[in-house]
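So that you can tell them apart, the chains are marked A, B, C and D in the order they are listed, and the count of residues begins at 1 in each.
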Amino acid sequence: MDTTPIINNFKSEEYQINMGPQHPATHGVLRLLLTIDGEIIKKVEPDLGYIHRSIEKMCERDSYQQIVHLTDRMDYLSSHINNEAVCLTVENALELEIPERVKVIRTIIAELTRIASHTLWWGVMGMDVGALTTYFYGFRDREMINDIFEETCGARLTMNYNIPGGLMFDIHPNFVKRTKEFIAHFKTKLPEYDLLLSNNIIFRKRMEGIGILTKEDAISFGASGPVGRASGYSCDVRKHHSYSAYDKVKFNEVLKTEGDTYSRYQVRVLEMWESLSIIEQLIDNIPEGDFFAKTNAVIKLPEGEYYQKVETARGELGVYIVSTGTKNPYRMKFRSPGFSNLSLLNHIAVGGKIGDLVATMATLDLVIPDIDR
Amino acid sequence: MSYFSDIYNGVKTLLTGMSVTGKYFLHSRKGAITQQYPDNRDTLKMFDRFRGEVVMPHDENNEHRCTGCQKCELACPNGSIEIIWDRQVDPETGKKKKMIDQHIYHLGMCTMCGLCIEACPTDAIKWAQNFENSVYDRAYLTRVLNKPGSKLMPGVED
Amino acid sequence: MGLTKDYNTKIMTNEALQNLISLWIPELEFTEEKSQFLNITVPPEQLIPLMTQLKSNSETNFDYLFCLSGVDWGKELGVVYHLESTTHRHQLVVKVKTEDRENPTFDTVCKIWYTAEFHEREVFDFFGIQFTNHPNLKRLFMTEEWDGFPLRKDYVDEINMIIK
Amino acid sequence: MNITKNIHEWLFSLMPETTASIVEMVLIAVVYLAIFAVAGLYLVLLERRVAAWFQLRLGPNRVGYQGLLQTMADALKLVSKELTGTLKADKFLYNLAPYFVIVTALMAMSLFPFTKELHAFDINIGIFFLIAISSIGVIGILLAGWSSNNKFALIGAMRSGVQTISYELSVGLSLLTMVLMTGSLQLSQIVEVQEKGGWLIVQGHIPALIAFCIYMIAGTAETNRAPFDLVEAESELGAGFHTEYSGMKFAYFFLAEFINMFIIASIATTVFFGAYLSPFGITENIPLLGVFWFLGKTLLLIFLMMWFRWTFPRLRIDQLLVLEWKYLLPLNLMNLLLMALMVLLGLTIQF
């Protein structure tokens, strides 16, 4: 059942090809309708909705505690940060005073999530350009983080560790020890990432100078996260609209100016170093105290509109809640980073080859449930 | 001359890459990161907070702690918990009291969010670390958590 | 790397913004109640002039449309634009509403911000709001033959929707 | 070699001369086929295990001791699988393609000198024949991609055509560089030269080394393996030319890839590393050990190709051509001149 009408007005050399929904490079169920001339991409048209679950509609019937676990299923690679976004919105709306301990733990876990997401991305990135071994090296390091999560939160991916007001339970006694072990381990492995892939001549030739996104276009397309920062667009929400404990730590916003695929790659690898340094600054300084602030069993947000943005591993996640004072949100909207990042794919992939499209798409780091909410 | 220096540098980066994988190849004897799952069943222990499935612990007298307050049912986002209850006369006090008949848990609908366990005021339900949840028939995924003939542990109140 | 930046600088306060914008187009509704941003409600026909001005004026320079959401306010349908300036770092919310639920139509802003193209398709998909001059206005997530607009409050689907 | 001699005499005593020689040829062919089918299977297993070790995994280790029967089981599975195909495929070509690939792969096998005696087919244009045969395989790939009525497969096939035509040149020229030293295309002659004067890679030192590097790169490209696996390019084209093949027809492609890898490594062994000759002649007295040395060297080179595969990312199609036409070909031509000069001036190292 093809629902997309065939676009005519082809030139005689052009043909159309379906990349996805089952295709190794689309990482999920994204369908790209490519118009190709030989190997040259003429047009990329994404077709979405294969796993749309209408989370926004489901939110309208759920209580605020219940909404949090739905956000796990959006961008599953930064599920903790998604949870945090909803919780922060609710907490800001209720004007709750959040204990320092919660803020610090949230920040540490968010940064661990970011590293986990980036290591997975790094592995898959290598696989997309044909170096299959990177996948396993990336997963080796991610596995350690997942173990930390599992010990503390009980789940490896869809953690649901945040509740409006704080955390579901305190960190596990082993948390600090394991995190330090991970930092020590990862500091020896991260240079290998560069040796194996970043400096590799084939990889660099593949990545440099393709998929170029200028700063103006990046802003206009709403690119965020590493995609925006690789174009020289300072868009780190952690810096510009600081939340949790990010105002207490020192870290650099990684900025590149080339805007090509390789600089997007570099931004992510360098961001892992920054995340490590954030965790290092915080891990010894987790303040004592409560791990949650008391809330009512039934949370009712005061009437009004609330917006909160956070920086997920993919970019800026916005949560927009319209409340009418009841226990459910009247309208809930997630502004997902992947959605905006996907919208610029056509812009930067046209003129490249099929191989370029795959590399470009890999550096956009699309997670389809994030787009298909 | 940049032609030749390009070749030289290119080959050098390739060899560095090969040295990384080569190092792992040589250490492959001890370095496998994978687990041989069904074989290591005996030693494989999940973390104590691992969310496998919701269970209701019973003590040796076949008594549980569920008062039938239905807070878990309300907290569940997916409707995976259903509590069938009625009012029965408590033999000790002689008053009518809410008693659970069946605490039904649909594992197939559960998203392991943990809200029910947070919501439970009497710690009647908790996480089990069992992860081998696959069954041949979907009907097996619907479980009655309280054992037949079980009753409320004395002294547990809302 | 190595770029020292002064984060969290706001050049214009909400008040100054309000004064400036009300000079351009007089009949705008401003409110700061129940929201952390300055809200502007604009009549549909004034949307494009206002948005163009907001983007191009060097004092406002709202070049980043970070969220575009459709909202069903019960009686009215509307679109909420969240804007931010990447140079001045001030934020603004623009709302546009219509009471026509049968055939709600606004002008597209995707010539001003490219990102609006996808977001407007999403709004069309879920709220049935038409955007004139949109280059490719068709269903984004739902199938072409889907009946109704799911995020509207009066949408009913007895099979797929579980009401608690 | 007594057994072969006995069989030979027994056959000729049994039937007339022509029939006997035909029967003999068929027998040899069957033996070779059997050996290389099994060799192909075990190369698959080797690849999987080596890949696993590179990737911190264990690899298949369940079927048989350390997974030794794994590929046998896989082959059995593939045999029993349904053969599916696309509706509008060109049925004749679609069915022909896998045989094209596997037959050419097996044909090249007969030429290699495993020991001095164990040498099925020694013709005077040996290397020329090998190059010719190994480039026929691409026709099979082109047919497969063309006939299966799938755009992804077609892109893969076209890439394959471009790639093989380009890299054929480098393989040929780098082997030609070595032929300058031997003065013969016949494989037995080439080995003889090495028996007298040391392995060719030592004899020819610098140009031979360059030729070897170029040969390995081009050879990897010739077999369509990573980093030159644009034909399959699983992250771009799904599976490339064999997307629409299943069951045993797919297995033919799969097996042919590994046998081709063996062929490329065997040619390198024969031309650069003295085929069955032992290093410094340590086992010269036991000619049967030649098989061991031949296979040992070949496996080492195969391991090198696997190492490439599990380390490097894939090239893009235009970079593939740039590498060939802008780097390998000019270098190769220079190298050929250098070698010619060296041979002319007698600068080769002779033991």
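Observations on the model:
Note that in this section contacts are C-beta pairs under 8 Å (C-beta built on N, C-alpha and C of every residue); 3 or more make two chains touch, one makes a residue touch a chain.
These numbers were taken from a predicted model, which means no experiment stands behind them.
If you compare A-D with B-D, the chain pair joined by more contacting C-beta pairs is A-D. Chain A and chain D have Cα centroids separated by 45 Å. One finds 52 Å separating the Cα centroids of chain B and chain D. With centres taken as mean Cα positions, chain D sits 62 Å from chain C.
The distance from the centre of chain A to the centre of chain B, each centre being the mean of the chain's C-alpha atoms, comes to 26 Å. The set of chain C residues touching two or more other chains comprises 162, 164. The set of chain A residues that touch two or more partner chains comprises 62, 133, 136, 140, 196-197, 200, 202. In chain B, the residues touching two or more other chains are 14, 17, 20-21, 33. Under the stated contact rule, the graph of chain-to-chain touches falls outside the line, ring, star and complete shapes.
Of all the residues in chain C, the ones that touch chain A in their complex are 1-3, 5, 7-8, 33-37, 39, 63-67, 69, 71-72, 80, 82, 86, 89, 93, 113-115, 117-119, 122, 126, 139-145, 150-151, 161-164.
Those residues of chain A that touch chain C in the shared complex are 3-5, 48-49, 52, 54, 56-57, 61-62, 92, 217, 219-222, 224, 233-235, 239-240, 242, 252-255, 270, 302-307, 309, 316, 318, 320, 322, 331, 333, 335, 339-340, 342-344, 347, 372. Of all the residues in chain D, the ones that touch chain A in their complex are 51, 54-57, 151-152, 155, 226-227, 229-230, 233-238, 310-319. For chain D in complex with chain B, the residues that touch the partner chain are 50, 52-58, 307-308, 310-312, 327. Taken in their complex, chain A has these residues touching chain D: 15, 17, 23-25, 39, 126-133, 135-137, 140, 196-197, 200, 202-203, 205-206, 353-356, 358.
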